[in-house]
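Written below as structure tokens is the structure these notes are about.
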């Protein structure tokens, strides 16, 4: 497993770039307190009143918002939210998808049927509208996105993993494990699971991008929390504070770029990963 | 001392930023300021239904709200002080009505009732002044500002200065629509609304924007004039027979948009229909005070009132839409017993007698009205069009590009607008002080807000200059009462002049026995949250 | 000699849906992979099962190993119905008796396990005494002619060649000293030059351990080197069953005859006569009435397909059974 | 008719070069049926495809030329532009007919494509020709309108043959045409080849790993091992009097339904890796008759129609005797 | 090929899924914080008015009663009256639907035409410099939030350059007699360009990458090698054989994309003030207009499920391997 991952990065530029981007943001998130020059939520005053819409300066690297908040610090702290949302969504999808796929694929029968019917329902729910309704239902919080992604995206991972399990189940070494007298538990976790972990990882890394984009959309539509700084919130703030008319590009371009970077990093990694998983495409 | 109880952490409810950036910023600043007093306040920004549900319907609950941002907006009938003075603070509305803050004062109740039946304006002003002062002394609300309303129009399409300002409402009013002069081949006034239009129905008070339309499609007997007082309109004249009786003479020669003449029968129908509260629930409060009506002949209709009411002209005669009986009578009859009321009418035709005729409405896109050239006061423009544009950025974009030529609903950053006006050079910007006001409400039912000293401290901690200059970016005037300086007659002079500052607030609290320990404010000895 | 394995009227049908319209319509075509099969295998015998692709050989093997449940019929192992084994201990006891050698060596070893782990799997799963693991491994590695065992034990499957892998597969099957081994085309994936080695190892292990063996192959020529008895299958049914020598040199069923004739031999002078068989490979999902072989049988008549003739074996010569129909017509 | 001269093909990867075909020379005459046998991975397909000029991009022609009727059709040094010989003169039958038919078009459309675009037939003539071809390979002409997946494996192989014959080629190259098939079908297809060869006076190159198949229909055989042709000659002499130890081993290792032997003789070890093939004789590691000299490249032994690459061709009789014994091939340790 | 009843069965199953979704949504709305009545709060809002509203909205009934009523009415095709508009929900949806459909289809068609061609092209140019920088660009466009792209497009093309209108479906004062006349007017399409281009920019990544990898895969297939052996021109091989086969999954992805994009258009509709179903839903949710929100949501779901269904059918039509059964 570790050797495999190492191989991916050794051979794959995309994946390497993706991981570098992640590492960068992870470092930023960890040291946000040190990097940020300001409390991202504090309203700053200048000698002439509220420090609103200031251009970049040494005090405010990227200037301030209409509320007098420091854009640069918001950008820095936004990485925390993005990572938290992205990674927990990834985890939710990977864990749910894996468990469901394993059970459904291995046991088959009515369990499989039931799970697949649930998957139909989940896939029948329009994604963004559902997140909106969920956000309205649970109240504004970034976790809505994670919950929604967990609830709605597991079928994608689950189905693929299930079909993978189905083929694995027919693979000689699984059958031979059965003949050797291994228990189902041992077969699932020792023989099958390691083989589908890469897939779980793949779907997890796809979910990161999804989660961040969705969080941004939901925030943008005004269903996000107002006391948590996220890039989506920043864009919403900029949009509703008319950064476009103000020509405050420095306000709405950087958060968008951060989102793009973070999401594209996920794509890069999953892409690199796909090439290893399904080498046919590459050759 | 050891036994003092810490003041709990609290939420300041506010609407999300998109619903209005300035009050949102204000909330953030206020929370930041109040926390300097040793409080722990976080801003809880939520959509309106959630906020209103908590503040309004759950006001009596155990775990309810503490602080909330709130606003009153301008409407023509609010040019009379009665609505705010009575409904907002009278104890009868504390349980379920608009007195959601739970302000209960028998002294105030008395004043509120008295101003209502005092017909002499000067005497009435005295009472209203007293009421304003009492509220200030009791620190009933932390009034923040009366915003400045921003309107702008393209002066290459309209003659500069041909818009008419109405006190407390700005230039977005019927007088402007009638008077504004299109130039350079332009014929249309293209207005804009951020809110979605919900209905165009003379029996339904729906969204705020909707009334801009009903107001000009349907005539009323009186209209609030540019100076804020009611003046004859469809009524040629009116005459108080006594304090409870008024004769109204209908203007002759008026006709409905379908060509039929406007009759006294129609007038009576227009006021009778809302009396059925089940059929026309929204308008029924405005005709509650009418005991009966009589057709006196010669186009005269007599209204007999149940009790004298100083606001009758404003809140009833200038409020009720005149509708043709021959058209709406059968519709209403057919609705009886169906469980649906007049608010559900979906008309193919919308027939009024107003200066504009209804032409077309495409939901969430635009409404088109056309000038009624046969009106006794015909507009100079040919068409009145309103685009529904849900976000201010797009609205401003369209205005700059000339797709909209009259900015009627600008809730965005006034500085942005000012910039644009400056850059463009062909825009006339008109700012007016709002009849409405923005404030922070406190829940009087709960400790510590049941303590007038605490309320005073909270209110006075907020620097109103910061509010005006920082939150509203200079686009507002300080508020000290619920009567706007726009209503110059009833506004109490000097009510906005009071000291503020964090030190003052701290002193008030200290004097009242509050203490600060470990950075947190504690109640005076022996006072506890739960009673 | 005692009967180790007994099939009594065993059938196994698979439901298959091949396309969306069948899924939509809920039609469920069945594949009669094994159709009403009965036979007995004695202790120490080695039995070859031959037949064309898809005739049900692998399914038969899976039935024996309890990897699939029969649709009907009973399978007795040492007199016990294996589908009735519920108790865990009993299951382990049963599994300790049986092993399987798979067709594809590249596929039947877990690529993430070292060779040693692979060999230990059955020992751990079947609760063998951990103290004996080392000696068991040494013994079995010798048996499959991988004498220099340390060279292999810590390698991963992808580091070995196909022939070596198949020896490991064989070793894993034999390590628990089973009474009964089923080998499903153990050499068909391998190069010709290494096939022989595996077969020889298999034969030697059999004679030294004396297990009962079933050897599955589509190649009659290979079966000849391993088995003394041969069962010929056609479309899920047994059409001929007898001593290998007899079956090859004196086939009774027309299908066996064609099969024997069709196998090319590495000599120049071969008969180029046309095969005594008609038509093409049959469709496994089809419902057959009467004799399944009828439409390819050179001697078929209307009666064959009419349903009057049932498939079933009769003993033509001692120990040599053949389908009733071809017995009657010959 | 077809001549391959010194052909070497290397697969060039990022970190390796696999010498899949090394110095292969071959001649094919009119009406001849040449078999190429060898084990998996020895370069048979690479060789066959290079004649058609369709090896993957990673395959580099390191040396050699191919001539058809004395026209160069492949050259290591320069690109050949006239590719009109394809299918008109040399046609190909692939290993898996299963995947070599486009799944989304009906057979008739794929036939027409060849006949109309490459052969210049009109549509009607093309259909007539298709029917004729189906007749020839023994499939009902009604099935022309079917899609590929509607045929069984054996029938697809027949369809592929019909397609190969569409433009009356002089040479047909068949890459393991029967490997995936059951023996009975295999036999039918082989018989079809035989029949067509006589009827149409075709030259056929039949690639296979099965010595018995070669024995059944070929006249000439080339034995490939690790990218090289180690032995070549008439089928009878190769089977009975092989010169190369590998051929001897291969013959031994092959099961024979009618032999009286009850054991098979394996060749030890496994074929070498083509990325780093051994120097000298490529078979030496597995050869029981290895001598020191084998570390050098053996000369090509040529004797009338026989060719072999081995140092010990002079000991042929003795070695052949030895090779029949099981002990000879016992693991050297 | 496939019989009528099979489709009916599948259709009934769709209804079942729809019913479950409707039920989930119904209860989510009822249990949501906030009240639909808050929209009516005003200084003159009285108790009687309040009670009347409660009664008219049916909120005085028990949750179970409300639910059964909702299901029964929905089955009748009656989605109730919108709380805020007092209009039948179905009318409002029907008014918004064409706008959404056109926006979605228009952008999807642009995205797919572009994506398919570019994907095929990139597959052809494999391992070249062009591919080297195209793929990251494509991945980047897929990673950008749609609304952000919309914002930038608005700021640039509309506010700065003034070549496109800044939102809505028509300029002020333009009256369309019917929906049809609207959908056929050039004016409407002028307004459609910017939002659909932004959407298309976001959507093109999927077909492009899918097409590319399918092409690469198909180009490896034996039948493509065979076509080369047959001496066919590379154009013919790429277009007639490779592209045709590679298109199969892209075509299904298109159908699925319709359903998906429909739900995802919410943000674009907001940025461009496009009066579609998504915006209607956002409005309804934020104003607790249950019937409207339910109606819009159920419609979106129905479209999604229907598209999933059509994707299956489409596959059936396009791929002979599933549509033509093997003859016996």
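Order of writing sets the chain letters: A, B, C, D and E. Residues in each chain are counted from 1.
As a convention for this text, a contact is a pair of C-beta atoms (placed from the backbone, for glycine too) under 8 Å apart; a residue touches a chain by one contact, two chains touch by 3 or more.
Everything quoted here is computed from the prediction, not taken from an experiment.
Note on connectivity: the fewest steps through touching chains from chain C to chain D is 1.
Path length between chain A and chain B in the touching-chain graph (shortest route): 1.
Taking the mean of C-alpha positions as each chain's centre, the chain lying farthest from the centre of chain C is B.
Mean C-alpha positions place chain B and chain C at a centre distance of 89 Å. Here the spacing of chain B and chain D, counted between their Cα centres, is 92 Å. Centre-to-centre spacing of chain B and chain E amounts to 39 Å, using the average Cα coordinate of each chain. Chain A and chain C have CA centres that are 50 Å apart. Across the assembly, chain C contributes no residue in contact with two or more other chains.
Counting partner chains per residue, chain E has residues 33-34, 154, 159, 270, 286, 321, 325-326 touching two or more of them.
For chain B, residues touching at least two other chains, in rising order: 46-47, 50, 391, 393, 397.
The touching residues of chain A, when paired with chain E in their complex, are 14, 120-121, 123-130, 132-134, 136-137, 139, 209, 213, 216-217, 220-223, 232, 235, 239, 244-245, 247, 249, 252-253, 256, 259-264, 266-268, 271, 280-281, 283. Note for the complex: chain A touches chain B at residues 41-43, 45, 49-50, 52-53, 66-68, 136, 139-140, 222-223, 226-227, 236-237, 239-242, 244-246. Here chain B touches chain A in the complex through residues 16-18, 21, 24-25, 28-29, 32, 42-47, 50, 391-393, 396-397, 412-413, 415-416, 419-420, 466, 469-471, 473, going by the rule given at the top. By the touch criterion stated above, chain D contacts chain C in their complex at residues 39-40, 152-155, 182-188, 190-191, 194, 209-213, 215-216, 235-236, 239-240, 249-258, 262-271, 286, 331, 333.
For chain E in complex with chain D, the residues that touch the partner chain are 221-223, 225-232, 236, 240-241, 244-245, 248, 318-321, 324-327.
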